[in-house]
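Notes follow once the structure below has been shown.
Chain naming follows the written order as A, B, C and D, and within any one chain the residues start at number 1.
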Amino acid sequence: MRKQIIIRTALVTALILIGIFLYVIGKEHKVVIDNRDISIGDITYSASTTYVVWVDNQEIGVIKKGERNAAIVTGVSHKIVVEEIKSNVLTGEKHEKRFRLKTNESATVNIPAIINNANEWIDKTN
Amino acid sequence: MKKLLLSLLFIVLFASITLADAPFHIGIMTGTVSQQEDELRGAERLIEEYGRVSDGGMISHVTSPDNPDAEIETTISQITAWADDPLMKAIVVQTSISGTTEGFRRVRELRPDILLFAGSPQEDPAMIAGVADLVMQNDNISRGYLLILGAKKLGADTFVHISFPRHMSYELLSRRRDIMMETCKDFGIEFVNLGAPDPRSDVGVAGAQQYLLEKVPAWIEEYGQKAAFFTTNDALEEPLIRQVATFGGLYVEGDYASPTMGYPGALGVKFEEADKGNWPNIVKKVEEKVIEAGAAGRMGCWAFSYPYCIAAGLGEHAKRIIEGKSELLDKTDIIDALGVYSPGAGWNASYYIDADDVVRKNFMLVYQDTYIFGRGYLNQTSEVIPEKYYDKNIGKK
Amino acid sequence: MKKKIQNIIENFGLPRIIIFLFLVLLFILTPFVGIRFDTSINDIIVRFGMNGILVLSLIPMVKTGCGLNFGLQLGIIAGILGAVISIEMEMIGFTGFFTAIGIAIFFAVIFGFLYGLLLNKVKGDEMVVATYVGFSSVSFMSIMWLMLPFKSPNMIWAYGGSGLRTTINTKGYWFHVLTDFLKIKIGNYIFFPSGTILFFAFLTFLVWAFFKTKIGTAMIVVGSNTDYANSCGINVDKMRSISVILSTVIAAIGIIVYQESFGFIQLYTAPLFMAFPAVAALLLGGATVGKASIKNVIIGVFLFQSILTMTPSVVSNIIKSDMSETIRIILSNGMIVYALTRITRVRT
Amino acid sequence: MRKKSLTKTMNPSVLFLINYAVPIIFIILIAFAIPLSGLSGLYFIRELMIRLSRNSFLILALLIPVMAGMGMNFSIVLGAMAGEIGLIFITDWQIVGISGMLLAILISTPIAVLLGYFAGIVLNRAKGREMVTGFMLAFFMNGIYQLFVLFGMGNIIPISNSSILLPRGYGIRNTINLLGIRQVLDKLIPLKIGDILIPVATFLVIATLCVFITWFRKTKLGQDMRTVGQDNEVARVSGINVENTRVLSIVISTVLACYGQILFLQNIGTMNTYQSHEQVGVFAIAALLVGGASVAKANIPNVFIGVILFHTMFVVAPRAGKALMGQAQLGEYFRVFVSYGVIAFSLALYAWRKRVEKENERKKIMNYRKSILAK
């Protein structure tokens, strides 16, 4: 009898854990991508050119100077790649960043900050 | 048997021979006459003008299931089947029942070049607007204000809104009711929110109609002769119109506003050969009957049937776009196409604004002027609607 | 005394008593929620007259063991045919009404005969087959409503100019001829539709009398024990066929009475959902798949129609919102489920 | 007259025709209808593939109650509702992909078990009227579902996603976009033959269920159910808890229906919040019956034959009807007429076959007796 209760509790706990796990890895997050001027402390990074953006290997599109776009991502860890584009030709100047998001977080990413390797290139909000 | 086979063979042969005539095809899906005849007639009007595909024409017409929510699979396959036709360039669905969105998605996957038009979506507006090229619906936002204004012009002191939970789960119907409530408050009209059986529930259309037939006289007694009645459901309009005509009360217009919606059955209007396909004549016939019933100046509708105009108008618009004569989202072009099937009627149009405050440029909301039998037009299209009624937070607790 | 009450309860069935008490409660509530007591009573009486015959039509088939007639639509279609043809012929008043019934019976006999042939082939699965026969016949007739050459300007489509409309008004033809026959007015709000009720009583009597005749008793034997019937030399298939024809004919008459009182003839998909309320009413009246009596019909129609009209009006006056419809669905269907789960308890 | 028909039915070729009457008639019908409809073979195969993957699971859910003698389980609608509640939650939380679907299954399972248990108890009290009661129960629960989803969600149960919540602040919209999990299972293992996408993973899931059902029949519980199905009294005497076994069969069926509905909706990609489940029972049962099952006996082949025949009719008939009748709306009526007419007709044929088999058996016994007597 006792054994049965233990097994059942274990089973229910396991299922709940699986549920939480599925919640975490399946959760959608919105990532807003800005190609705009940004001031971090005293330094201002300004947007100057057009970039093509991939998030998690999926092309988000071309973001011109001063524009903003959004990506929907699933799960915890993500990768963003930006590559400069000039007159419809990729220049090969690539920047890659990785980031992790908690379950209820969404993020705003700033391209000029990425290019200049600034620490505050990503802003996570709940 | 042999004869039948032979004739079948001929049909198939003819179909394949003459297929090449029209440069492109337009598929149109409407309901059957089980609900109302108008949108089907719209499709037939297009066939009359441009011919059917099987005769070498342009239009391929199919009808949607009578029980759309249960037969969503049929709707999807019917729409997807058009992707098979290499000449198919546009698909129009009037009364975009459940399954239209998914049908459109599947067509998109197979044939991204086909134009997809949805009239009067029964699915969530944001959902259908996400896939269709153009969505058109009667302007339930503006009409939330205009219906009350119309009632006020007729001298109403009470507005009775009859619906059931399933309909109130439609965003635009629910929002329209909330706008009505707000407008009533501003005009000093009493708003009454009443429930009725859902014709798609266990009691069926007959049970729902009977409930209204029984209750409307009691309601008129309770809320007085100056109460205006409105129902969100087409099937409920017939008993409502009949009881309002007999017992009093006001009826500004129906949800799918059309002279053929509810009036002919409710009042036993007689139509002759000359009325066939002639809206002004039909309006005149209905008007005579309404006046005869002693309801002059109390009841109204749109002079040109809404579903008819949308079905035919969207088809016409699609044709013009493919021929390069019209722009997909150009407001005047769209109204022009509608005008072909409603000569002389004024239309107004606005855009749908979704829950995130994004203006959906491919979602048009349209309305016509209201015609009151025995009185004339109410000039609703020239009214300016105060901006505050477009606020999406109206009615929020 | 105690035993007497127990007897009554057993006779009437506990679930029906509870539903009856529920109805009484609704009636007590009427003045408090602002509904007229008298109009409510009136609605129930009118509905009783309208729907009684349709429920009655199920009886012959149950008696011969053909089960509940889920193919009721076939009879309804025959009735509609009679009704529209009589309007096409411009028959007015009682002449129109009885012409409609005459034509309807003609079609009902033909349909019933064919239907009976089919049902005799599927002994044991009648109800399932009947359901689909009902569905397909409604669709078939939808084609016919569009194709048949009806001309009456009162019935054809406004814009299309041919084919029948979804609803046809019986006003000016035979609207309320039966209802107004010998109508008794009590006060301003109650009128007793004597004609309809008398007509129902008359048909009920005919059915009752029929089952007292030789053929009728033979049919009951077929229903209770096929093998025994066979050994008695009763032609089982023939008896079953007769019962199916009878059911179809009564249903055809029933729908005409319904339309006469309702004022509309409803075509196309409307008949599709008409078998279900009739069957539910009979079951609520205490009948089972294999056993049903006139008593079940009367009790069933009364309770079912009362719940149908009273629940939504009372509930919607208590909570003035569309939510009342949800409550109605829960209450009325809950009551029916409840009744269905209790019947055996009372019998054993 | 009677004798003549009996001798005729002993003829093997006639017997073959009787045994396979329904498939034969369907094949003939389809052979006529496909060219008439003007649909391409490719479209037809694609459509049939989709329908098989979409519907089989739901129909398989009906098998176990039949085993336990409870007839066609109209209350699988309850399972479908449970599945939809799971889908509403994952859509609200924005959980997508395969994990979203699994989470929906996880959430809805306990609800389905609960509803199934409730349905089982109700049906136990309505022995002999299970089907009608199941039908009514579905209506009743639909009301509860409406109360819960339209008035409870947003009021009592927090819902935050504005794309599924009505602007008035409570109640779920009439349709829900399931883009997040749309066809995730169908496309999990991608396989394309020509232009036809084959939903390998979905078929694998269905196959697993078939294996489970076959295995289940052989377990102690499965054996018990069959005994209960044959005779309640015998089962009781042999020490089986009849009531419990019946409830269990409904619980299993409800849970399977819940998964079936999730599978169905992930393929459809949109959900009709208040109506998607309503006709699930009617359609699944119709297909199973066309497949040759009866209220008392149904097996796995019945399911697949049923899906193929029933849905072929539904795919082909509208266009064929339109071509035949010349008018679009007549085509729609024609489709419903033919589809249901064919169901009624095939049921009649099956019943006829049963009778012929019985008579043949009786005749065999008679012959056997005669031969013994002759000796």
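Throughout what follows, contacts are C-beta pairs under 8 Å (C-beta built on N, C-alpha and C of every residue); 3 or more make two chains touch, one makes a residue touch a chain.
Owing to the predicted nature of the structure, the values given are computational and were not obtained by experimental measurement.
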item: A-D or B-C - the one linked by more C-beta pairs in contact; value: B-C
item: Whole-Å gap between the CA centroids of chain B and chain C; value: 34
item: Computed distance of Cα centres, chain C from chain A, in Å; value: 64
item: Length of the line joining the C-alpha centres of chain A and chain D, rounded to whole Å; value: 43
item: For chain B paired with chain D, centre-to-centre distance based on mean C-alpha positions, whole Å; value: 35
item: Numbers and ranges of chain C residues touching at least 2 other chains; value: 142, 146, 323, 326, 328-329, 333
item: Junction residues of chain D, two or more chains touched; value: 139, 142, 146, 150-151, 329, 333, 335-336
item: Graph class of chain-chain contacts, one of line, ring, star, complete, other; value: other
item: Contact pairs between chains, per stated definition; value: A-D, B-C, B-D, C-D
item: Residues of chain C that touch chain D when the two form their complex; value: 68, 118, 121-125, 127-129, 132-133, 135-140, 142-143, 146-147, 279-280, 283, 288-289, 323, 326-330, 333-334, 336-337, 340-345
item: Chain D - residues contacting chain B, complex; value: 35-36, 38-40, 42-43, 47, 51, 54, 139, 142, 146, 150-151, 162-163, 166-177, 268-270, 272-276, 278-279, 282-283, 311, 314-315, 318-319, 322-323, 328-329, 331-333, 335-336
item: Residues of chain A defined as touching chain D within the complex; value: 15, 18-19, 22-23, 25-28, 74
item: In the complex with chain D, residue positions of chain B that touch it; value: 8, 11-12, 15, 30, 32-33, 40, 43, 54, 61-67, 69-74, 76-78, 80-81, 84, 98-99, 101-102, 105, 122-124, 126-127, 130, 165-166, 168-171, 174-175, 178, 200-202, 355-356, 392-393, 395-397
item: Chain B residues within the chain C interface of the complex; value: 32-38, 41, 44, 66-67, 163-165, 167-168, 192-198, 201-207, 209-211, 213-215, 218, 222, 238-239, 242, 259-260, 264-273, 275-277, 279, 282, 285, 305, 308
